[in-house]
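Alright, structures below, take your time with them.
First chain A sits with chain B, and in the next complex the same chain sits with chain C.
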Partner chain A sequence: MIYWVAILTEACIFAIMALGLNVVWGMSGDFDLGYYGYVALSTYLTIVLTVGQPLAPVKYILGNNLPYVVAVAIAVIITVLVATVVGMVALRGLRAIYFALTTLGAVSVLYVVVQTYTPLFNGFNGVAGLVDPMGNALGIDYNQYRYFLLGLCAAVLLVVAVLTSRLSRSPFGRLLRAVRDDEDAVAAFGRSVYKTKLKAYLLGAVLAAIAGGLFAAFLGAFNPSAWAPQEVLTLYAGVLVGGRGNIKGVIAGVLVVYIGFVELTRSLPEIAGHPEFAPALRQVLIGLLIILFLRFRPQGLIPERLSVDKGPSAGAGSADTSYRRTGLAALAGKAGRLRLTKASGGVR
Partner chain B sequence: MSTLSIPAEQRSSALDVRGLCISFGGVRAVDQCSFVVPEATAVGLIGPNGAGKSTAIDLISGFKAPDSGTVVFRGQELIGMKPHDISKLGVVRTFQSPREWASLSVLDNVLIGMRGFERETMLGGLFRTGRQRRAEQEARQEGRELLEDFGLTKLKNDPAGSLSGGQKRLLEFARIAAAHPSLVILDEPMGGVNPVLGERIGKAVRSLIGQGSSVVVVEHNLRFIEDYCDLVVVMDQGAVIAEGPYDSLRDNPRVVAAYLGDVEYA
Partner chain C sequence: MHVLMLDIGYGLVTAAILALSAVAFTLEYAVSRVANLAHGEILTVGAYTAFFVQRSTGNVLLAALGAAAAGAVAGYATNLFLIERFARRPILVTFIATLGLSLMLQNLLTAFFGASSRAYTINQGAPQQYGPFQFTQAELLVIASAVTIAALLFLLLRRTKFGKSVRAVAENRDLARASGIHARRVIAQTWLVAGFVAGFAGFVLAENVGAFSPSFGNGFLLITITATVAGGLGNPYGTLLGAVLVGLVLELAGAYTSSSYELAFAFAILVILLLVRPNGLLVRQSRPVAA
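This part shows the complex of A and B:
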């Protein structure tokens, strides 16, 4: 029972991350490979802001004894500041693959620095000691606390889901999708593509950081073996399988990918003498899942829906149209256009 | 409507292009290009392939930065400004292909064409403020009326990417009309357009003029230029070689040599 409570809690946290990624990639169209770095940074910060001073030989920065909620708030602010710097570099004039590479570079730097520079977050051994935050204050014992945390994560997920689906249907959501489809045309109609993308990027970082704060409470400890930049691919799998741009779809996708693949593959029979086989197979299966969905159902399980105008003078037969977006084409679209522009530039 | 009663050449200038130059590698794509677009006037920008017309448009609209030269729109220097800031001044351009936002509905395309950027704040979207909702409802009503004007009402909830080529052109003009622009720069609006639709596009150009906008049209279809443009600017090898009303250019030997001579007259 407790096992499933833990899995559901983790799924809620990953769903919050995926909803943030859905703003950045699903709506705004930016293939951010550094996204998981914001989750990790916020997880580290939440822990070092709550567990007090380190005892030698353990070393880490800050070491405050702040209440958990305050610590998460500060972690969110710092994470967003870092995302602002990365976003200002990566979103200004860098398109598609160049943006992706820049964010991958940023998260790789973070990963290596966290691993090797021990005074930051105690290097490879990581930080630990966050035990059931808010549990004492609220008078919740160890067993009840698992349920409390699940409830908290589910509640945060609900709020995030409601807010992001509002955003998705709002004029800002429409503008993000327009930027995703054709950013030059958006600029031609008076909107700053850079500012629009940066706003979405920072909102994504806020959600990543909130998820990181919850992750800290869930795990209690964090070190470089608990995360790696490529974790983001599993998040992409969730968004893609569920339905890029669709809030319900993204949550469904996370359930499928995390519970279906990550958790159920744990119960695969172990091959004697090859303990690393099952985890490796899991990665292979997730990769396969991404490829199969891109090929056969790029719109995901629950596709993105067009906004439907129900106002007066609605035309006949203008029923709700769900439609197919070719995922690969959507991924390649911007790069393709860039190539075209370049080719014509030289000849004139 | 006093502007329209003055002959095109004597109207005050909306856009003043002076000495634009840009080189790509060793090629001078635009070379000392200068011309004037009067207020409430349609100017056709013609010339053989490679004359630098599209590059000139990119320079005027801020999508490319020139090596030298000035572009003044209603007293405001545009060189050095970002494309979206130029657009905010009321200068709206199109591209050679319609460039609709394919995954958005037809009505949503028109709504992004509209100004009123304060509707689009992120916090307003997250918390669904009353003010934003009211502004959005008004915008939707205007959008529906525009789609009615362009005969796209039945398609308003369809993804724009699913429209035919001609319908995409109409949507492009609905989008422009939604922006209430002061200057419209059209890059080959007749590309892939049948004659019936061409007339409709011509009328859309004239209706922009009627509302006091100026229009620059880059177009290879000379019949369209003759029918709907007040003045013509002819470019060749990056420079302007002639300008004036269409009829005055028919017998201009430089124009004939550069362009009319080797193009089939449609």
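This part shows the complex of A and C:
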């Protein structure tokens, strides 16, 4: 039972990450290969902010013994600051593969630095020692804490899901889709493509950082072997399988990919002397899943539903805002029509 | 002064290996318009083949040829089973698909051969003085083979009918087809050539580093991409220049800080290039980058 609680907790955390990725990739259309780096950074920061000073030979920065919630808040702020720097460089004029390559480079450098520069997060051995944060204050034992954490993660997931689906339907959500589908048209309407994309990018980083904070409570320890740069592909697989741009689809996709694969690889036979066999095969399947879905069902299992221009009433409003609103509605409508004419659909 | 010259010498060796990998990457891009993120795995396949061929035959030349042949097969298959299937799709979709392929290949190798790194050494020969530089015999062969392959590629692209078709397809696939060029075949053959060079690069890199693992080619990918972008994606001659520059900068920067941070330097160069000269150092008028 505790086993399933752990699986579900981790699935909830992955779903929060995927919803953040869905803002960046699904709505805004930026293929960010560095996304998992933000999760990792926030996980590290949460741990080093909540534990005490390191004992030699272990080395890491901070070690402030802060309350968990405060630590997560600070971790989110620092992570978003890092994302601001990366986003300001990568989103200014760099698109599609150039953007992806820049973020890939950023996460690779972060990975190398964390691994090599031990005073930061204790290098390859990583940081540890975060045991059931808030558990003592609540006065619950080990088993009860597992259920508490699952409840917490599920609650955060619910809030994030509601907020991102509201965002998705909001004018900003439509603007994001318009930017994704036709940047030039949005620029022609006088909106700053760069600012719009940067906002979405930072929102994605906030969600990544929150997921990282929960991840820290769930894992209690973190080291570089837990976040190879390719880890982000599992998230992409989840978003892609479920349906890019569709909140319900993304959550369903992550649950299917994550729980499906965990269970599938668990039932694989262990081969003596090859401990890497089963996890490696899991990654092979994720790669295959990505390729097959891109090829045969790029819109995912539950495709994105686009709001279409419903005519003049969509633009109704006070005199000075009506122009802008009809402009956006027209953009959203244009995007919708474009989609219908493109056979490939979904992923662009 | 002497130490600086030594570092420049090492830089030239790095540049030679980089040139092989980058020129293959840029050829793939030129005909298929896709940045192949599974390119590193072609090098890895080459390294594994070289290792096993050498273990069973004991012959270095056979190992090198085996690596190149395996790379050629890997490149050809990548195009046939992946790139061509995504031919009319948006660039980013194909790009993500190659990332999926990279993940698959890396982990297939891990599943079969284990994740740990294997030692691979060949007889390096004693270091000798050549002008201001010092090279071992093996290092000299690396540089010589890179120069030879670059020259052969130049002749292939400039002096043969095949090369003319490659350039035509790189310029515009549809127009090339309209002029009677069998574009799909030319693209397939280009991938064969690129894979051949990349597989050989895998052998050279493994022999030079002295070890390899399933993630070995992938670790070289970011540096390869940096060299390619420096020269202009899809421009083989610029790429050669980019490889020399990036190789030298990395080796010198690594020598004065720590070689662990080479990747960070590569990334810094890449970002600066992308922001300042997105179409390569050789292009005078940079157009805005559109995918």
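Convention: the second predicted complex is superposed on the first by the 305 of 348 C-alpha atoms of A that agree within 3 Å, B and C clash if a C-alpha of one lies under 4 Å from a C-alpha of the other, contacts with A are read in each partner's own complex, and residues count from 1 in each chain.
The rule is simple: contacts are C-beta pairs under 8 Å (C-beta built on N, C-alpha and C of every residue); 3 or more make two chains touch, one makes a residue touch a chain.
Just so you know, these numbers come straight off a predicted model, no measurement behind them.
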Requested in this report: Could you look at A:Lys199 and tell me whether it touches chain B, chain C, both or neither (first, second, both, neither)?
Outcome: first
Query raised in the report: Looking at the overlay, does A:Leu175 come into contact with chain B only (first), chain C only (second), both, or neither?
Result: first
Report task. For A:Leu281, decide between first (touching chain B), second (touching chain C), both and neither. Result -> second
Requested in this report: Give one of first, second, both or neither to describe whether A:Leu163 is in contact with chain B, with chain C, with both, or with none.
Outcome: first
Report task. Return first, second, both or neither, reflecting whether A:Glu304 touches chain B, chain C, both chains, or no partner chain. Result -> first
Query raised in the report: Thinking of the overlay built on chain A, is A:Ile259 touched by chain B (first), by chain C (second), by both, or by neither?
Result: neither
Requested in this report: Check the residue A:Gln230 against both partner chains and state whether it touches chain B (first), chain C (second), both, or neither.
Outcome: second
Query raised in the report: Touching A:Ala187, do we find chain B (first), chain C (second), both, or neither?
Result: first
**Report entry** Footprint overlap on chain A, where chain B in one structure and chain C in the other make contact
**Finding:** 347-348
**Report entry** Residue ranges of chain A touching chain B (in the complex, touch as defined)
**Finding:** 163, 166-167, 170-175, 177-178, 180-182, 184-193, 199-200, 203, 304, 306-309, 311-321, 323, 325, 345-348
**Report entry** Contact set on chain B toward chain A in their complex
**Finding:** 24-25, 27, 29, 50, 52, 54-55, 61, 63, 82-84, 87-88, 92-95, 99-105, 107-109, 111-113, 115, 117, 119-122, 124-128, 132, 136, 140-141, 144, 148, 153-159, 162, 175, 179
Query raised in the report: Where on chain C is chain A touching in the complex?
Result: 35, 82, 85-86, 89-93, 95-97, 99-108, 110-111, 114-115, 222, 225, 229, 258, 260-261, 263-264, 266-267, 270-271, 274-275, 278, 288-291
Query - Partner chain C, residues of chain A touching it in the complex - result: 31, 33, 89, 92-98, 100-102, 104-106, 108-109, 112-113, 116, 230, 233, 236, 274, 276-277, 280-284, 286-291, 294-295, 298, 344, 347-348
